[in-house]
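Here chain A shows up in two complexes: once beside chain B, once beside chain C.
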Partner chain A sequence: MSPRKRLLTRNDLTGYLFNAPLIAGVAAFAVYPMAAALYMSFRQTEGSVVSGAWVGLSNYSYVLEDSQFWKALGNTFYMGVLSVLLGIAISFIMASLINSLKWNLGKNFFKGVYFLPNVVSAVATSLLFSFLFYPGKEGLLNFMLGWLGLDPVGWFTDPRYSRLSIVLMSLWGAVGYNTIIFLAGLQSVPRDLHEAAEVDGAGSFKRWLHITIPYLRPIFFFMLVMGTIGGMKRFTDVWLLGGTAGNPSGSLMTAVLYIYRNAFLASQMGVATAASYLLFIIILALTAILLLLNRKKGGPD
Partner chain B sequence: MTIAWRKFALLLLAVLTALTAACSSGSGGETGGSSGGDGVGEVSDISGTVRVALAGWQLENGLDTQTGKKTVGLNDFLKNTFNKMYPNIKLELYQIPWENVKAKQSAMLLSKDVDVLYTGGAFASQWYNEGLLRDIDDLIEADSSFDPSIYLEGIWNNSYSTKSPDGTKQFGIPAVLGRRMIIYDKKLFEDWGVEPLSDKPSPEEILEKAKRMTGKNPKTGADNYGLHWSGNSLNGSTFVALTLAFGAPGAEGTLTDPKSITWKLNSPEMVKVMEWIKEAAVLPPPGFVNGQGAETFGLENNNIAIGIDTTGGATMSEFMTNNNRELLDRFEPVMNMGPNGEGWVAVDPFVMAKDAQNVEASWEVMKFLSGYETQKYRYDNFASTPTLKNADFVSEEDKFIRMALKIAEVGHSELMDEANPFYMSDIVPAVNGFISEAATGNAPDIQQFLDDLQQRAEKWSANLK
Partner chain C sequence: MTNFAPTEPLIQKGEEHLSLSRSGTLQPPSRKRRDALSQTVLFIVLAAGSIVMIIPFLWMVMTSFDWGARLQLSFPPRLWPQDPSTKTYEAAFTNIPMAKYIWNSFLVSAGVILVSAVSALLSGYALSKIRFRGANIVLLLALSTMMIPFEMTMIPQYLLFSGVGLIDTYWAFYLPAMNYAFGTFLAKAFIDQLPSSLREAGVIDGASELSVFWRIYAPLCAPIVATMVILLFLGVWNDMLWPLLALKSSDKYTIQIGLAMFTYNNGLNQQPSIIMAATAVSLIPVVLVYLFLQRYIIESIALTGIKQ
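And now, the complex of A and B:
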């Protein structure tokens, strides 16, 4: 009969001790704020104070019945979906083109050039684009449209174009990062697969379509999940350009801007945290759906 | 490395060192504002440590980015003044950038890590309602050396930034005023043959004259815009001025008890406010929807006839830098649109934390930092607008600050104010959204828009238990 195993061995204790700072950090800075936010979402809070009268699901029903919340969610989805799909498609094509270059210096040059916007802060990007997309004929883009005899476009002032303009702006910043990730993936595609297909008479486009793309499916999936999460959290650029109204006409009001308005302008932390948890549930559901879709299709190899 | 190369490298190093030294030398450049301290001696032996959180104040000496003048940081100013006057009070200064200042100062208040704060008026008002700030009536009463009458009456008596919502308690001292006035370009008025604005222009007068000056300038042929205001203003100051002008209070009640506020957002007077906005929104340059379009207002190439809620900062900077008196004469400030020339006036106060560790010393600090000497220092170095009745240090030429003081003198806070949570979270964004739609000629039905806003406001109040 083997001796009874002790509940905690010396090794276990040492392990826990080493992990303690990290666990304490996660508990204090991640678990506690999440729990406090959940607690606040059921309370009528006053300002930043966590306590307040218990109001049950009242904050949740207020948010769910608020047309502004649904409008914000619609805008978030619209810009998120476009940013993710266009971002993935463009960066993958760019990565493939860069990868096919035979000239190493050129490869590094393009990697650097496309990655550069990624190190520029969202604030600087928004400022830059507010002048590039200036709605008058003085704006750079409108000035160029003028050469073609076209009228100035209200890129950020006309609700018909504003969301699309934000998508274009975010693509400028994100494409470089996605391209680098795709490039890393492209370099890991085994050469023998390509060589075998080449022997079988497959052209470069067919090989790209039937070998490269399927092989990179996990990377596409990673991009899709991360892009979806990032897209649902869009805030800085729309706030800087559209203000608290998400101007023009509320077309740039996103879910996080709605939360910000309630939390920091109206000091209604209860409503804001309820909206945060609703957004959390939506992101969780979207990610779960994507995971399920990926599982149904099976692994890449 | 050859000897010649070494010599060359040494020579280059010497030149670079000399250049660096020359650039950092204190003799170059214009000297800046005062650092105070003339004839200062000890005034009190009160002792203790006071922790002060300052939103946006500059602690170290630096340069004014617009005028190139040297500016004296708060540390140097205090060394020459406060430290001599109160040698036993130790100050712990925390400089907090305006970005996200509310979250940071809220955290300091909640963790009881601060005694005195300089902050935005709306934040102060909200903290007071949350019970995080201390009333200062007892301190004022016990201190014969403190004279509240030195401050502008309109601000001292009527601002949510320093007084409790019911107006019975004082919790802050006004330290810096926001500048918002109507400024018009005399040259454009002359070009178009339009009568100058009156001293207290009504919204109708502004609109009528702005319409006449929108289009191709008859003299220069340049595109002119009759009007500009910020279409995405955070505090909706132009909307506030219009509600005052048209007698549309928007709500009745007190911010002490927000759930008891009676909303009157769809009143006939409010309809008039929105009708004015609808007509006016097609006159500014299109960028105004996102707060752009007035980049050259106040300067040589200006193409906007009337600017609402502007500061005159660009013109004053030009005057300070290049002594450009022509521009100073060209741009003329007038009162705001309220019946007495009033508009929305921002006030940034000094306030004391509810749990201040050393109340006596904190009071001395608060008093000093919002007093005459400090306001003079702030004006000289950073062109901050004072809150004093007799701000004799304001330069004769600075007609913009003088006008701001006149507007503040008749100022009063109403429920359409950034201290009102629903106003900030919903009313201002809704009005800004309306402006952006009206700017493209697609303004929604005004009555329906206001009915919807009214309904949302009532629902918001009902949600407060």
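And now, the complex of A and C:
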């Protein structure tokens, strides 16, 4: 046998050896769990025993007929869409303002300040805002509403406002992150495009509208995709602020909280994995729709 | 056409200059004044925005020193403590085993960072410099698993660890850290830019692949390792979902799950200044990292656009 036809060359062996930790990690903590979750979603599994009778699609139909699941999905979607759209709008405006500031020291200062909340954990943010958004008149936000003559609002305790409060809270953390990415994008807009338009008599607002925004379209879509995926996975803050029941009155029940409840409180692993696959399919579908929209609108450029 | 195109903007630029001078001497100064005005407005709007960002921090720190708010919020809300004291911090450390939790968080972070960075560098190097069969498959598989949300895999992963008896140990953190495909991606992209001739020279000199990697390439990878360390530290320090599932005994809790469980058991909105003191302490490491490495963090996020 010629050496070229040998089963494994030296390079092959070293390559696999160097990749062994990665391959083992991917196999054990990505491929296996995905397969196991799929398997479990077709079985009647209770407790931590991965076995039980084959029940076909009944776990899926249970989830799909459970009004709790739809409510959780609706809440997740509502909070996700609102925080993604508001977050993108606010951070794009902020990034544009920072970018037009001519004072470099100020630029860096604002960048730093806006980004700071992003390093704060979801737990710390939730604890902090549970006091800032305290339902009584002692809460800072309600106190400020008092200046306007408004009555205290039960931000996290009134089901009418709880989801909006979560959105406001997450905006505090997310705006800086998106601002940084937008700023990087804004700096990549070719200057001669602006100069040409200026020569044609376009004011700075017009240029922003017709040059900057279309030029940054890929970044907008990137943020829509990342924000949507992130929004669909909301758990830590609603768990801490609303408990496992998603209080007040289930308004903070999210899809991941639904999965968590079924898996770790009710020990319904089959139902929980079926719900997690449904959530995964929804995330994939949303991502695909956004990417398709991007491609369609993109046209030849 | 090609000759004409570049002259077109030049003519228009000339016209603009003409119109400027035609409309009199007032034009340049008024434009300057308008600029100064718009810069001032910009600054005021941005400053107002940063006050909104800062006030929660300020309120947290001020309340954390307010012994008067140890049982409930004071009315009216005040920025300056009613009864300034550091006793709130003493209470935080005695009511909640903060020192233990913080130590645990450091242990978990250090282990995860070590395992992830080594795994990412080894695989990134091999995928970039060693030609082996199936390299593309490995890369494609690793990158495609990056799309899988952790929430999808957490149930089987929990059952896997409880099946082998590693729940409530830090192995439940160190072992999954091997799967750091994003780091592999970063390392490969970085090593792609380093010359392959270094490896060839080393191999000719009879050095083993491992020593070529460790002595020649690994030291050159310092910048990308720094990026990974920062992103991993922020991610691991702040995570709560996996610690919630994987850690059962309270003496193993990391700081996030420790704080969360304390609040969960005592109820929300209790002991404002003590909770705020504990929260402020939990933020010190990430805020320090941010203050000293801000440039790195902002650059790496602008570069990668992905936080984990």
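Criterion: the second predicted complex is superposed on the first by the 277 of 301 C-alpha atoms of A that agree within 3 Å, B and C clash if a C-alpha of one lies under 4 Å from a C-alpha of the other, contacts with A are read in each partner's own complex, and residues count from 1 in each chain.
In this section, a residue touches a chain if its C-beta (ideal position, glycine included) is under 8 Å from a C-beta of that chain, and two chains touch if they have at least 3 such contacts.
Keep in mind the model is a prediction, meaning the values are calculated, not measured.
Bringing the complexes onto one copy of chain A puts chain B in a clash with chain C.
Once the two complexes are laid over each other on the shared chain, residue contacts for A:Gln44 go to chain B alone; chain C is not touched.
Contacts of A:Ser58 after superposition: chain B is touched, whereas chain C is not reached. Within the superposed three-chain model, A:Ser130 lies in touch with chain B and with chain C [touch as defined at top].
After overlaying the two complexes on the shared chain, residue contacts for A:Leu216 are found with neither chain B nor chain C.
When the two complexes are overlaid on their common chain A, residue A:Asp158 makes contact with chain B while staying clear of chain C.
By the touch criterion defined above, A:Gln268 reaches chain B but does not reach chain C.
Once chain A of one complex is fitted onto chain A of the other, the partner contacts of A:Thr14 are limited to chain C, with no touch recorded for chain B. By the document's definition of touching, both partners, chain B and chain C, reach A:Leu241. By the document's definition of touching, of the two partners only chain B reaches A:Ser249; chain C does not. Touched residues of chain A, counted separately for chain B and chain C, are more numerous for C. Counting contacts by the rule stated earlier, residues 48, 130, 134, 136, 156, 241, 243, 264 of chain A appear in both its interface with chain B and its interface with chain C.
The touching residues of chain B, when paired with chain A in their complex, are 102-103, 106-107, 110, 126-127, 129-132, 231-234, 285-287, 289-293, 421-422, 424-426, 428-433, 435-437, 439-440, 456, 459, 463-465. Of all residues in chain C, only 9, 12-13, 16, 38-39, 42-43, 45-46, 49-50, 52-57, 59-60, 63, 72-77, 115, 118-120, 122-123, 125-127, 130-135, 138, 141-142, 145, 148-160, 162-163, 175-181, 184, 209, 213, 234, 237-241, 245, 256, 259-260, 263-264, 268-269, 272, 275-276, 279, 282-283, 286-287, 289-290, 294, 297-298, 301-303, 305-307 touch chain A in the complex they form.
Of all residues in chain A, those touching chain C in their complex are 8-9, 11-16, 18-19, 21-26, 28-34, 36-37, 40, 48, 50, 94, 97-98, 100-103, 106, 109-117, 119-124, 127-132, 134, 136-140, 143, 156, 172, 175-177, 180-181, 183-184, 196, 199-200, 222, 226, 229, 232-233, 235-236, 240-241, 243, 256, 259, 263-264, 269, 272-273, 276-277, 279-280, 283. For chain A in complex with chain B, the residues that touch the partner chain are 44, 46-49, 53, 55, 58-59, 62, 65-66, 68, 130, 134-136, 152, 154, 156-159, 241-250, 253, 261-262, 264-268, 271.
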